[in-house]
Amino acid sequence: MPLPPEFHEIARRVNNWGRWGDGDELGTLNLITDEVVRGAAAQVRRGRRVPLALPLRQNGVQTGIIPGRINPLHTMTQINQETFGPGNVAFSDDVVTMGLQAATHWDALAHASHSGTLYNGRPAASVTVHEGAAHGGIDRVPYLVSRGVLLDVARAKGLDRLPADHAVTPEDLDEAAEFGRLSPVAGDVVLVRTGQMRSWLDGDRDGYGFPAPGLSIRTPEWFHARDIAAVATDTLPFEIVPPEIEGLWLPVHGLHLVEMGMLQGQNWNLEGLSAVCAEEGRHSFLLCAAPEPFAGATGSPVAPVAVL
Amino acid sequence: MPLPPEFHEIARRVNNWGRWGDGDELGTLNLITDEVVRGAAAQVRRGRRVPLALPLRQNGVQTGIIPGRINPLHTMTQINQETFGPGNVAFSDDVVTMGLQAATHWDALAHASHSGTLYNGRPAASVTVHEGAAHGGIDRVPYLVSRGVLLDVARAKGLDRLPADHAVTPEDLDEAAEFGRLSPVAGDVVLVRTGQMRSWLDGDRDGYGFPAPGLSIRTPEWFHARDIAAVATDTLPFEIVPPEIEGLWLPVHGLHLVEMGMLQGQNWNLEGLSAVCAEEGRHSFLLCAAPEPFAGATGSPVAPVAVL
Amino acid sequence: MPLPPEFHEIARRVNNWGRWGDGDELGTLNLITDEVVRGAAAQVRRGRRVPLALPLRQNGVQTGIIPGRINPLHTMTQINQETFGPGNVAFSDDVVTMGLQAATHWDALAHASHSGTLYNGRPAASVTVHEGAAHGGIDRVPYLVSRGVLLDVARAKGLDRLPADHAVTPEDLDEAAEFGRLSPVAGDVVLVRTGQMRSWLDGDRDGYGFPAPGLSIRTPEWFHARDIAAVATDTLPFEIVPPEIEGLWLPVHGLHLVEMGMLQGQNWNLEGLSAVCAEEGRHSFLLCAAPEPFAGATGSPVAPVAVL
Amino acid sequence: MPLPPEFHEIARRVNNWGRWGDGDELGTLNLITDEVVRGAAAQVRRGRRVPLALPLRQNGVQTGIIPGRINPLHTMTQINQETFGPGNVAFSDDVVTMGLQAATHWDALAHASHSGTLYNGRPAASVTVHEGAAHGGIDRVPYLVSRGVLLDVARAKGLDRLPADHAVTPEDLDEAAEFGRLSPVAGDVVLVRTGQMRSWLDGDRDGYGFPAPGLSIRTPEWFHARDIAAVATDTLPFEIVPPEIEGLWLPVHGLHLVEMGMLQGQNWNLEGLSAVCAEEGRHSFLLCAAPEPFAGATGSPVAPVAVL
């Protein structure tokens, strides 16, 4: 079915096409100005660092439901090889095969399209088998350092994790911001914690993926109003699945990536950060989260680090 | 041939085994304390960000000489796929196969061994085909954020790039530090620029790899004396190749990774950073350079960002 | 636990080490003489051809239980690419990543070892991460064409498929030979049909793998007595799983590959062949089943063809 | 530039569209009837077998010029792993990543298109990133066993190998047929030997690929007139490169795969076969050459075996 009117109405309200020029491929990352970065650095008070990536391994979060999105297959090509003769220094080397969206990752803007179009009106057909994404690929994101803020929706509600059918609403985000004594501002990277990652960490591989709590179709306007630069969460599908409007699957992807030009992160492990923020009584930090610059790719694994 | 006495003498002087406990797997990354990180954040004065990774693509720096170390092969698995029916939001996905040491990367401590031993006296045999590195794997490095300093050896000498047979000496490092008005301190990550990357950027694929200028066997003591946390450079082999002592290949790998427990980075693109530092008149910065946590891997691509 | 006395007794009786010389790496394939091949060609009476391979695709028989043995991941690298300019002939290209034992395949002799030894007394340690199998790799099998005989154990018993706990015994093989009016002779390749493949073809992916009917530990002697050249079957584990003797897992692999030096085939689709043989009233045929010569590999996909 | 009139004139003369029905995906393989197969089996007089595949290994014939067509990367995932406990039978497993057209292979009909069309008038657009080739994929070839004939063009001329600029003409094929006392007939698989493989076997990796002798644009009519089922050769590009008509690259691919619906084989090692045929005084044989049934693939490695 075609996208329903509700989608197009929201799309119109959050659309950023042309805002940073017709040739722009960075979208809301443009909001991370030098000034924002200076403010981000100022968040570092203790020097405490918290990693947010899951380990990359074959026994990862993918279950085979999404074609081609395979967990990392890591194999050794050399082990203690005395390349330069016996008795010399020896080397171990390895290779990996993996889906770029398989683990803790960023979706590039080119990851989603609708109505034949990518962000900023680029034709969806500019993603090709030969070159990958000619526009909006992950290699267009040369760095990603900004202020991060944790919206700990689950903890704000006194829950370990949200129920699987919980759509995270703007009101939930406000509640979490208040809980964290936060005022998200332009250029911030928002991390939304549902607690769903806990099911994965507890060994419930099948339960982690679907169904899952996640962002409501109403949240893009919340992010847009505050000029958020990027959003990541601790679930596999990012947004609420099954969807709020019957037959309208993953609309938030369409709104964030295509309309707003805003990067999305998935499968981020926010459990440790939740504990540290609660302990420190602070929910903002410097966030280092640069993707790997795979040429023409529509996503990339990322090893984000929060520094408080 | 067995490692010569010169190697063992230096090894004894730089050895860090047991310094952070018998079970330690972090090595000199232990030197990046909370205090160091606070100092690193304080380097951010302008908010200017400089990316240091090469694009990850099939036409990369590997030429096939090192078995198994293949350039990234990126392929699309889905292109604008309307997963949930015609008219819905559409998705593009991709996969990659690559050598973990193929591009801009960190060597994990487990990447090198000598005399049957890894860093901290772990048996080299703890790297296995089934599990990869049980000790000193790249997944042991949960984050890597510190102060970075650029030792621009080439520019300090007024050169675009060092001659291919130039072994970078402690004296060269001192000269570059003075040129950058730097005093490297404990916990710093040192980036040594030879300018060799320029040959790659100019299209001389074969000329980039070997021979190449690089660190002299005399430099590990310089890093050790200053308690440097990690070192990266802009060449493929990291150290001078062919070696200074006949038959003693890649001794600096053995000293850094095995004896000191210090991470090494290779194929870092320092050309842009060199220009920015010259322009800003500052050679120190916040460095975000977390590896991807591949379980049991002996290296990882990295997308480092310098923030000035 | 160490291998039990029963294993070693059978091993002694079926052992072929030294039979074809100390340097031999072909094992029972030596039994396929020119004369055998002439006899195989003489089996072709109708010219009817029956393929025995499963399609190679991501949705294959592997379920993730065996680490690293991934189903084929096939991706396009070029689609109708006009390599030589617009209007010219255009080309499509593709790549694959797969476990060599993932689908319809041959196990190489080097696939199994016991007590530190491979076939013909070669050290198990001659299989290395750098070179793969130095001895008994699948690349040692330059061709595999012989007479094939179908022992249709299931059909001989009037069953669609054997129960999952059915160990195929020498008596079952005799019964199937009689049913097919066959006298297996030296150099024959025996295909043992249990009907288990039917569960896979019917869509029961999980049910196909384990538990499964399969060859009893008593059958290697039957094959040895008749100088069979190779054996393939229509199940994932080849032999009865769980095993007949508690704690002695996959002993037939040890007996066939290590002691006898006899290739094994798994996941062969014998359903079509079963029907054709029944229809033709003949259970012997020319069998073309050459593995792909992956250097140092311990197995290979194969696309066997029976010609009646 | 558009394809020139010469191309279209030949195309019209050799076109087989509709000949075996509008839904046909086998093309000239339809010519391999049961009767042809019986005749093929009758070629086996000595029982002598000759393998025609190159080993599959990383150091293979690809040099990186063709994007994505990577040499096989073979890695071990398990080595002598005692899966079921110490003392039990141990197992070695492996995986491979490779271009399907990288080594000794068959091109599927879907490998080439021109003017937007595949064999039998199927739209070129039916090759997609999601499914690969919906029509004319290599998985449509369930078996490939027929009479093979060696046209030893080099030896017929008394040469070790043809000069790199030698276009193999119909007259050359006639000469080689006469040299081999052959009358190619309907359903035959023709192997054309140029001797170019010798340069590869002698270690001249760069010299093997381009330029290379190969089939002239005039040969498709020769094959068509004789109803040949498939053709393979011992070079990388199959046909003469650079081309005979300026700007018209690889026209024979377009004529064979698209117009005739005839499979092509490349990188076949015909050196051993050339010697054996000369020795036996016979140039016809049973040929077993089934591709691996990769679903939707446009090619497959093959391990062909000639049986004389």
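We just call them A, B, C and D in the order they show up, numbering each chain from 1.
Quick note on the criterion: contacts are C-beta pairs under 8 Å (C-beta built on N, C-alpha and C of every residue); 3 or more make two chains touch, one makes a residue touch a chain.
Being a predicted model, the structure only gives us computed values, none of them experimental.
Touching subunit A and subunit D at once are the following chains: B, C.
At the interface between subunit C and subunit D, two copies of one sequence, more than half of the residue numbers in use appear on both sides, so the contact is built from largely the same positions. Centre-to-centre spacing of subunit B and subunit D amounts to 45 Å, using the average Cα coordinate of each chain. Distance between chain centres (mean CA atoms), subunit A to subunit B: 26 Å. Listed for subunit A are residues 67-68, 70, 73, 75-79, 95, 97, 129-130, each touching two or more other chains. The residues of subunit A lying in touch with subunit C in their complex are 58, 64, 67-68, 70, 73, 75-79, 81, 97, 129-130. Of all the residues in subunit C, the ones that touch subunit D in their complex are 1-3, 33-38, 40-42, 44-51, 53-57, 66-70, 72, 74-80, 83-101, 110-114, 124-125, 127-129, 132-133, 139, 142-145, 247-251, 253-254, 258, 286, 288, 290-299, 301-305, 307.
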